[in-house]
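Look for chain A in each of the two complexes below; its partner is chain B in the first and chain C in the second.
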Partner chain A sequence: MLKNGIRIKKSGLSLRQVRNFSFQLPSISTLDQVKAANSDYDGLFKNSTVKQIWYERGQHLLDGLNQTMEDHGLDKTGTDLQTIITGLISKPQLYGVYSYSASLYTLQFFLESLKPNNTSEISTPTADTLLKTPALNEYTNVPTNPVLVDWINQLFGSIDEFRTLLLNSARGIKGDGYVWLVAKLTVSGKTENTKYIYKELSVTNTYNAGVVDDGLRSGQVTKLKGQKQARLDNLRKRADELSQLEGSSTQNTELQAEIAQLEDDINLKELGTVEEAEDITVYANKKLVPLLAIDASPRNYLLDYGVFGKNKYLDNLWESIDWDVVAKRMPPRSKQFFSID
Partner chain B sequence: MKIQTGATGVYERTSRFIKAGVLRDTPAWYTIVGSHPPFNDMTKKQKLFEAGAQKADPFKQINIKKADGYYKTRHSKNDLKVQHNSIFRVQKLQFIEDQIRDVFYHQHPWEFSRPKILIENNDADTYKKCDWSHMLQLYKPLDGESVVQRTLWLLSNSKPTPMSLEEAYDAARFEFYQLRMSEEMSSTVSREESELLGAVYPTTHMEWGLKQEAEYIDPWTVAAAEMTQIKESGKSSKSKEGSMGSESTVARESIWESAIVEGGESSQ
Partner chain C sequence: MFNTSKSIARRTVQSSRRLIHEVPHLKNGKQFAQQGIEGLYTPQGFQTGWTDYQRYLTTNLTLLTNGTENELKTPYQILLNTAKQTTEQHVYHFASQAHNNHFYFDQLADKSEASKTQPSRLFFEKLASLDHSDLNSFRDEFLLAADSMFGQGWVFLVELPDKSLKILRCHNDGTPYYYGKNQSLDLNGGVDEGSFEYLNNIKKLAKNSARDYTLPLLGVSCWDHSYVKDYGLTGKADYLTNFWDCIDWSVINKRIFEV
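Take a look at the complex of A and B:
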């Protein structure tokens, strides 16, 4: 039912208002310039590739997001991608919405951290380049922000080492995936005087529609355990009712087997799983703040660099990193007052 | 084995063939071989013998009348001893590859712990196919041998300034480190990637071994706990404080024992 652009939809018992509003493709200035001038993205992508990876794929993801949100009757007003991702990461029934929004967010994040460059060339390497040892220090693009340089040097040893780690992580990805440079946030203290401490930088990978923020995963296993417990309670109740109805002698064997299985699952006389330990310790007070993303998926390099072009593409990608953007995203660094060497 | 000398008589044979009309045209090499004939005696000679410095064969000195009118009728111990036995010994072969390999594996002993195929049926062919202008090879995994071969290649092919052995070795070594890092990262990322996409890996050998052990250790802990208790009670009854025992001896049971006993009972 449409009324002045406002659609009233009946879902369950409550009437929820859903504005007829849809997300637009975000504008990325470097890509818009390339599109307007009908030129290449210097040193990284050809014009047609830019169109394909952002204007076509971006639009496809956006359409998918708008459509799935409408299908599920979700309110789009006042939300942004980050909110959607955070809200939906632990709701498997809304996986489609989450997947579209996460893909779009990471793609935008990746493309925004790049700038055209004049040093590298787009070429199609041949098969024998696969056997070449990657060059260690044949690059010109380095971060200039002194705080960032100092931070990288302290955490990774040197820019050379950081570059090797970043590009090696990207080389390892076989399918669709991103490599991220992240700052680790540790939250300490009680609510009144909470401290936000950024001590470490680190390199991490995500695959498919993965997002980098570990904090979002927090509580998954506990939640799963709670669900199992609730299910067990329900089954026990049902078994009791059944036995009362049919007389205490008869017992539903299937039900009993299921109860036994669940009991086994819950009351393992073992140490917990790694996931449980992580859930309790690692994600509780941690958050990862992304500074830089590198897309290593084949769809980015196949068009311009060919099947053997991943290394060349990654080298060019390094040359295209806009370190000013990275420095802007960088949170204030919490320096240790003493260090034991 | 009979020494083959047939090939050295090729000039004579060809001459005969030409004379007899078997060959119409003289081969291109004919005059050259004629003016520089090959040695036709391929027998390996002992150098002392060639130089005429060989001592007389003691075996031929028997039963010959000596200057003093006596005869030597049997060999002395010295005559029977094998002299110059170094010529029968296999020569010690020395290669620079071995030295580089030795240095590398002494510096990187953990490289030995990597699994390696020891049966190599096509070893010679594999190495012929390798091109050492780059370290990664299509026919051979990256290992210490790659460093050795790459070092040798760099030694003889580095341009424009030739490298010293140390420089070449270091260059090869650093290439090796770089490729190893890349390889290790690749396997880690692959594992992580497939795990996140749903792969489940079987238990490792270590885990399997622990599980096997546990089958025997678990009942043993129960039995051992009981036996320890009996032993402890025996001790406390003989203690100096008398059969009642002191407070400390009575409350000696540790939390570990009780935990094990509880676990044992519930599993039975």
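Take a look at the complex of A and C:
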């Protein structure tokens, strides 16, 4: 499971080596230009907001990541965020490391999907906007890559419908969260001729430090239950050994109490369990490949657009989507063919 | 005959009563709007966290409850009424947020005023049930629970049916009043062992038909609306420190008796 050598090191020597290396804030060219020119991110963020969203909050997340990795004595050399996320999501004790790296990764992915634009304006709507009838779709920024356009048209009906779905999903997020455009990967066939098929595009949400790939997420609770079961088996074995040693009449009451407690925990069946829910939605042969992420969290619009500005922010965000980047992330599309024998 | 028609008329008038949700009146609201809350908010920070955000919440609540059974109810009644209804969660969000935000701002005072108040002896006696002998160690635990939370939410000090206290985290629009909607866990990313134990514990409580009469005494907002204007996106820790100095303990002391 763990690639590129993320390991928990316990010796003092390797810990000292670890301290010398720490992750740096990745460079995002569009933002670096804004910072260097001390100008606004045209059509979307003011200069001060860019500083806060990326250079301060990004650094804050990075510091948290470096710190928690150091606290756990994890080796950072030769790893990247993606590897950490994949490797650590199912390690309950490293929850903090995972959360920082996932937050940073999605933030970077979101900001890299954007470019400044000249069509929209930053403004601060007032309370009256809540009572106004929403305007019809008015936008100028559309994808140009013919494959992407065709794919979107076929899966969502039209660019209009896709935009409505994407932005409405973002409106539905009340706390922190991202809306993603993803390509669904289906793996089929046996190992010698595995087929990777991308037929569908889809829009999906993640919340807080969630990652878009459900394949990584699933099975965590089941695994934790498995650990509990293993502990119970161990205890039972020890109880058996003890009773054989000391004669069958004596029983270690403390041990028996612990066993009873664990059995009780594991056998709670009155309600459906979270493990069962996980099994139903298991994503074993599928994978989601992200093409575009938009951040619907309040921190992105509160500073420039104010409390009533979420809709305005989202409209501007659409104008700022860099479709070239999205097209570059797009995997080869597998069209559905029907063969008649 | 005359009487009957009169009473029918009165009933008709009563049943056609209308109500819109407004931003509630705060004790020092006018002063806060002009000068901010000394030691916590500038006037702009107060405007974002209270005046604007509360107007956003109450206006949306009015729009959503207009002409429904919830029209004449307070946000508190609406949140209780909608918490269990899966198709009413959009209404629940605004009701719960409006109530929580009011609960939070209701307990704030200027630093100089707040420093004149202190927790009552009853409060300290109750703190003992949390294994805290002094206020400072409780403060640290309470603020840490708020600072270490990922995403938006609330942290409450609540009183349980057996009169003991507990620190309760509520993610996003979670409410302390009903544990089906506490939203204490964040299972979106990695799941840690504490969360797993918490899930197990909830199942046990449900199996034993545990009663859920939880009431909040103290609450703090971890929503961006409450701090980004004055403290910036990375200023949560500073905000929380200042928040602690601006608690009007006389409000909290009174809440214990209301419970």
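Everything below uses one rule, namely that the second predicted complex is superposed on the first by the 257 of 341 C-alpha atoms of A that agree within 3 Å, B and C clash if a C-alpha of one lies under 4 Å from a C-alpha of the other, contacts with A are read in each partner's own complex, and residues count from 1 in each chain.
Criterion: a residue touches a chain if its C-beta (ideal position, glycine included) is under 8 Å from a C-beta of that chain, and two chains touch if they have at least 3 such contacts.
The model shown is predicted, which means the values in this text are computed figures rather than measured ones.
In the superposition on chain A, A:169 makes contact with chain B only, not with chain C. Touching more residues of chain A than its counterpart among chain B and chain C is C. Of the two partner chains, chain B is the only one that A:132 touches; chain C does not reach it.
Looking at the shared chain after the overlay, A:326 reaches neither chain B nor chain C. Judged by the touch definition given at the top, the superposed model places A:159 against neither chain B nor chain C. By the touch criterion stated above, A:74 is placed in contact with neither chain B nor chain C.
In the superposed model, A:289 lies in contact with neither chain B nor chain C. Shared-chain residue A:210: touches chain B and chain C both.
Shared interface residues of chain A (contacting chain B in one complex, chain C in the other): 130-131, 174-175, 207-208, 210.
Against chain C, the residues of chain A that register as touching in their complex are 52-53, 56-57, 60, 88-95, 98-99, 102-103, 127, 130-131, 174-176, 206-211, 217, 220-221, 224-225, 264-265, 268, 270-271, 273-274, 297-299, 302-303, 306-308. Residues 130-134, 136, 164-165, 168-169, 171-175, 177, 205, 207-208, 210, 269 of chain A touch chain B in their complex. Across the complex, chain C meets chain A through its residues 48, 52-53, 55-56, 59-60, 63, 93, 150-153, 171-173, 186, 188-193, 196, 199-200, 203-204, 206-207, 223-225, 228-229, 232-234. Contact residues of chain B toward chain A in the complex are 134-138, 174-175, 178-179, 181-182, 185-190, 192-193, 196-197, 263, 266.
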